[in-house]
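Next, two complexes with subunit A in common: one pairs it with subunit B, the other with subunit C.
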Partner chain A sequence: MRLALAIACFVILIVHGLVFYNQFFHKWQDYQTTYYDQALSMAKTPAEKSSLADKSPRIEQIIVTQFGETRVDRCTTCHIAMDDPRFEKYGHPLKTHSYSTALGDRLVNGKWERRHKFSDFGCTVCHDGQGRGLKPEYSHGEDEYWPEPLLGFMVQANWRKEFQPKLKGKDYLESACAQCHTEENFPGTPTVTEGRKLFFSQNCYGCHKIEGLSDGTLAPDLTEAGKKFKLDYLWESIVDPTANLATSFMPNFHLSDDKVRALVVFLKSRKGLNFAETSLAHYRAQLNAKRPGSESKEEASTPSPAPTLAGPALVAQGEKLLTDHACTACHKLKATDGGIAPDLTYEGLIKDEDWIGDHFKNPRARVPDSIMPSFRFADTEFRAMTAFLVAQHTPPPATAPAEMYKALCQRCHGEKGDGHGPIAWYLDPYPRDLTKAGFINSKSIDRLRHSVKTGVAGTSMPAWGKLLPDDQIDGMLKYVFATFTKDVRVEPRPRKVPETNPVVSNAASIDRGQRTFLDRCAGCHGKKADGKGPNSLDILPRPRNLRNAWFINSVDDRRLFDSISYGVQGTAMPSWVDYGLQTSDIGDLVNFIRSLNPQATRSINARAN
Partner chain B sequence: MSDTTTHKAGAKPPGLLTNLLELPANVWNSVFRNRLPEDDLGRSSTSFTNFFLHIHPVKVHQNTLRPLYTLGLGLMSFFLFFVLVVTGVLLMFYYVPSTTQAYDRMLDLRGSVAFGTFLRNMHRWSAHGMVAMVFLHMCRVFLTGSYKKPREFNWVIGVVLLLVTLGLSFTGYLLPWDQLAFWAITVGTSIAGYAPLVGQQMKFLLLGDTTVGQEALLRFYVLHVAVLPVVATLLIAIHFWRIRKDGGLSRPDDAAPITAAAPAALSVRAVPLAKDKVFGLQGFVRSTTAKFGNVPDRTVFTWPNLLIAELFVFVLILAVILVLALAFNAPLEQPVNVMHPPNPAKAPWYFLGLQEMVSYSAFWGGIGVPTVFVLLLLAAPYLDRKPGGVGVWFARERFLANTLFVTIVVLNIVFMIIGTFFRGPNWEFVSPWR
Partner chain C sequence: MAMATKAAARTEAGGAMSRRKLLGWLSGVSLFGSAVLSAFSNFVFIKPRATYGQPQRFSIGKPEEFPSGARIAMEQKRVCVVREGNKVAAISTTCTHLGCIVGLSDTGFACPCHGSRFDTDGTVTGGPAPKPLPWFKVSLAPNGELEIDKDTQVEPGSYFTV
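For the complex of A and B:
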């Protein structure tokens, strides 16, 4: 017992010794002692000498109050010679901070005068890092928890190895400059300027919001990206979008390292309210950003083609714009394929000018569930791009159905015909599963041929009849039946269904229809009939969006009756006659659904948007 | 120490010079009324007249000194509390409970305050240690059946002390105002929000707001540095006092009356008492056995047997905490970012069992099961009143009670381990070896 007691006491003694040693012998004291010794040997006047001889090491600090929250920068405790021009040749930490005319420093009477005085700016305003720390590990931000490691100098150990060398360099400091120098095209921050241009030219703004610059809603808000994320995260999110979020559908833009760096520096400079702004100015900018007319600011800065441009020149202009705006980051155009959005190679054949124009200005005007952002290009740009797309009217060469399927259908319907093509995830409604014999064989060949030929309105299925002759479409159908559906095809006999709705549409009927709908259909189709009911997530194909006016208006009463009465085989839609719905009930339902999608007005509304 | 100089009654009062010469000795002797004890009377007298020692009985049963019986857990908890109070008071000189300053103060503590890092490390590791020790102490008391009559209420106080300890640790968790603190408390307090009827009100009362913010920081600070320490100190005092009044630590009944003097831990020189000695009635001590006169028994003198054991536990605990504080830095994560929760956001480790259960059922995991468990603990001495099996680890008579208790404890520990090591983003199961 007594021995153990003695040992424990000894341990306590040792620990105390170590703690006291750590407390009273600091690295920074050595640096300061060295500095004062060196300065003493350089001193010329006796007054200087005596003042230096009196110096003893102490913690130096600069308190910075003018830039955001108060900062306490103790960096000069080690970097004590920062402002002493005699130490230019020394190594860190006893090295003079370089003087540079680019930073606004001036040589007056052989003496440099700093534009950004350390006494006003401190260190972390420009360099980041942690001002309060006194150990390099903490103050340089080596510690992985510190959100602002020294910009462009310090990479944290947990950052991805391949990015680490790319995240060093003086250009990263520009993001700190941009906190005060917010004007566009500020000559001191070329990388920020380039990044801002890329943010628009690469269409980042279509999906991402940055307060005062853009209002995309599809993707995360980047207003405070520079505050929230470190350089490695920003870099990774651009070059490997799925690294942080497996379900991210941000395209990989395959940018060069220089462009990625410019974007990272630009994003790092976005920290919400910056030093140059008062909160009032910030609020005002926020209000203005929401006003629809305020978009012209950006447009004015991008060169727009002269409205007089026409013919091939306009088409050429459109092609350039399509590339500049990175449309192919999502869409496919000939050989380039973004892997997210439909093929534009035959757009001129499939769609007309109106459709393309409408879709450009408001993608949801023609495909109500499209995820394409509304880009705010100038009208002239829209016209040029539309002209280019309309000019895309070379039909594909006639080939065997298998080749044809691969070229035209596979992107959506998938290699196996199961509707899980590479871009299927981004389409709503989801592409049809062609292997479901229950569905395919319950529909007449005429109906299937019609869908292929004229497309399905309000969805991403194009009218292939506009680029393929009838015999090729029939050949394709046969190929699909044989390859994917497999079951022996027996033409279904037409069911007994009224040709037109026997129930007259009036307020009473619509009301009855709505009640039946809420009672029977809302579980899957949703209370709003938008196809997003509580059960919809478990169902594939998803329940139809019954507010998709383009689709609903393209199908006749007979088909609605057929689907409701006898269900849709191969889907979750049951046969409602089995559940006791009478023809009159179904008639009410059809009237209700039709009432949600007023004909004619819809497209006019869309155009007006 | 010099001999006490006494002057016979009736003699001439000493002169000023004598008084001055004898001043150091007299002051010393007035403070320490006994010499270092050399005989049993001195040992008794020292224990009896010293404020800090009089909490001890003059003599303690040998069983109390068996290291493997108590494992020193209760004492360890107390000494950790002592270390926490001392380091906590020192930290209070630097801390400001403000959302704008708290984190900067942490950086200062780590960066430039003398011994700042070390104090914080000591405080943090002692806090974790105290939660663990109090919990283990409770296990010891249960598994030795020590809550049986007459110690029922002291057990209840002990359970309340466990809750106060958890409260202290939990409220302290928020104070660094870093991401770890913020989200752990956010998770912890939302568990409280699952309580039926009063859950949301309780959460609001605790936070002073609907989310963790300045009000919550201030409330947690006041609870942490004032309210809970006072409550804990008071309860600890009562806890100790009742140990004395309930006849010392629990022990099995002495099997047979002792005829010969048992060997004491230290040899004791017996001194015959003076014949004309007058006894005062010092108090009633409840016990199953009554003892009067110099009957041989299994007790030994507190001084030095118990005191040296206590000193050893203290020095051991201090050594362990110091080494831990030197070797491991208390975590300080990034400053609070309300918009950027870590995934997963985890509660402090001792609440991870709860959080794990919450992931199965918010109400039952967070409120139902823990409430039932605490109520069972509080009621244990009143439900289990069979007298047998006291003072022995895993007594056969207590098989059922011990099994139930161990099952619950092991389940809780398993949940804690799953919550700590096996839960990744979105609280999905991950393997720590991946």
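For the complex of A and C:
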């Protein structure tokens, strides 16, 4: 018993001793002692010797208060010879920090003078890392490339070794420079400047948001990309967008390594709050920020030609712009296919100049649920690009329906005709599932032909009638029936529904319609009638967006009545007659739906047709 | 093995008591040692290893930046650099009365808070200040810059020769 007690007491003593040693004897003390010993042996004057003899190890710290939030850097506790030129040949940590003319250091009378004095700027401004840490694992982290700037070359499980040689180099330091040197085109940071240019020229800004630079909402916010992501992750995300997120629909831009590096450096320099500012200064700068729209427009309009450019020159300019702005990163144009957005090869035949122009400026003005970003190009550029698209009027060669389906329909409707084409995911509304016999066979051939021929307004279905003669459209329909729908087609008999809405549209009727809508329809079509009700996610095809004015105004009362009264076969829309809605109720609903869609669009639509 | 023989020898010589004594003695010493270490650690711990204020030892720049006859007060660092000829000194600008920052005046230093006055060497010439302003040690760092160590006070009037 006593033996056990004695052993326990002894163990306690050992543990105490270890803790004590650990807490009060440090590696950095050894470094400093070594440094002072070495310096003493190098000292020439007695004054120098005596001043060195006085020094004892202690925590050295640089407190940077001159700009931004106060920084505390204790790096010089270990790296104590940083500013002592005699230690150039020594190893880390007792090694002189190199001098660099690129950073503004000057050689005066054989002695180097630093532009960025450590006592003024500290260390973590450039090197990153944790300035207060006094142990390598705290201050450096697990960075692989130390003593290069600690930009986050972290050892990690999914670390892409093949990127390693590309992630090292002087360029990367620029991302740290840009923390304080925030001005555009700062001569010291050419890579950041190039990355910023690429961010706009490659249209990254259309989808990504960077506070103060762009407002894209489609893709992740990159305001703090430099803080959140490591270099290899950034690089990987640019060259292989689906590597980390299988569902990512970011296009692969196929950039050269130099361009990727510029973008990575630029993104690494985006840390939200810059070192150079406090959060309050940042907020104030945000308030006074000049809108990036105007800025980029000015920038873009300088190199673009005078608006007098016309004819083939304008078209050629448009083609160049289309390439420069990386439109085919999403769209298909002849042989290049971005695999995200609709085919532009026959755009000049399908759409008119008004449509293309309007759609350019605000895609949602024409296709209300489009995900295409509103790009901020100059008007002259829009005009040139529109001219180029309008000039795309070579119709596809007449081929057998199977070939034609492959060439024109398959991108959206899919190889199997089930509506899951490669770009279907990015379209709203979703392409029609042609294998659903319930739907296809419940619609009259005229209705189907009409949809193919004139397209579906407010959606991505183009008016194929402008490209293909009637007999080819009929051939295509027959092909679809035979190949995808398969069921024997029996032409449906027209149902008994009023041709025009018998209920007069007035406030009372709309009000009644709204109440019925909220009771019966909002579950799927949503309270806002935008087709995004709580049940909508479980349903394919998705409920119709009833605020898509182009679509709603393109269909007549008869069709609305038909769909509401008898439902839409092959979809989740039930027959509301079976649920007790009277013709008058449906009339109210139609009035309500019509009231949501401005009539102005309707008249334009009518004119266009 | 040795312990066993030792213990056995003890048992023979003085019986269980001496083994008990040894173990008790061992436990006592260990516990006492632990207690001393803990107490000592606690005392050391009381003194902060690093404070969040400006560092006590800092460099102020090349000697050339201070022309002869200069008296430059550094607000942040709370020190006044004096240079006469090739002699440099650093005088505290923290008032010895209640710690206000004293300003430069024609006759030396003057405290704005309670009117303490000091001459150019920091000696009290009036007001409530109880002690003269301390002088700090100045030395030349290896990178050729002057370094002030506020932890080391020197006799007033002792200059550093550049």
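Throughout what follows, the second predicted complex is superposed on the first by the 451 of 609 C-alpha atoms of A that agree within 3 Å, B and C clash if a C-alpha of one lies under 4 Å from a C-alpha of the other, contacts with A are read in each partner's own complex, and residues count from 1 in each chain.
In this section, a contact is a pair of C-beta atoms (placed from the backbone, for glycine too) under 8 Å apart; a residue touches a chain by one contact, two chains touch by 3 or more.
From a predicted model like this one, the values you see are computed outputs, not experimental measurements.
Could you look at A:Ser51 and tell me whether it touches subunit B, subunit C, both or neither (first, second, both, neither)?
second
By the touch definition at the top of the document, which applies to A:Ile62: first (subunit B), second (subunit C), both, or neither?
Only subunit C; A:Ile62 stays clear of subunit B.
A:Pro85 in the overlay: touching subunit B, subunit C, both, or neither? Say first, second, both or neither.
In the superposition, A:Pro85 contacts subunit C only.
Who does A:Val72 touch here: subunit B (first), subunit C (second), both, or neither?
both
Once the structures are superposed on A, label A:Asp324 by its partner contacts, choosing first (subunit B), second (subunit C), both or neither.
Neither: A:Asp324 stays clear of subunit B and subunit C.
Is A:Leu5 in contact with subunit B, with subunit C, with both, or with neither (first, second, both, neither)?
After superposition on chain A, A:Leu5 lies in contact with both partners, subunit B and subunit C.
Between subunit B (first) and subunit C (second), which, if any, makes contact with A:Asp105: first, second, both or neither?
A:Asp105 contacts neither subunit B nor subunit C.
Determine, under the contact definition given at the top, whether A:His16 touches first (subunit B), second (subunit C), both, or neither.
both
After overlaying the two complexes on chain A, where does the subunit B footprint on subunit A coincide with the subunit C footprint?
Of subunit A, residues 2, 5, 8-9, 12, 16, 19, 23, 59, 72, 74 contact subunit B in one complex and subunit C in the other.
In the complex formed with subunit A, which residues of subunit C make contact?
Per the stated touch rule, the residues are 19-20, 23-24, 26-28, 30-31, 33-34, 37-38, 40-41, 44-45, 49-50, 52-55, 57-59, 76, 137, 139-145, 152, 160-161.
Flag every residue of subunit B that touches subunit A in the complex, lowest number first.
100, 104, 107-108, 110-112, 114-115, 118, 178-179, 308-309, 311-312, 315-316, 318-319, 322-323, 325-326, 331-335, 337, 339-340
Once bound in the complex, which stretches of subunit A touch subunit B?
Residues of subunit A touching subunit B: 1-2, 4-5, 8-9, 11-12, 15-16, 18-19, 22-23, 59, 69, 72, 74, 130, 132-135, 138-139, 145-147, 224, 228.
Over in the complex, which subunit A residues touch subunit C? Could you list them?
Going by the criterion above, the answer is residues 2-3, 5-6, 8-10, 12-13, 16-17, 19-20, 23-24, 39, 47-48, 51, 54, 58-63, 65, 72, 74, 83-86, 111, 119.
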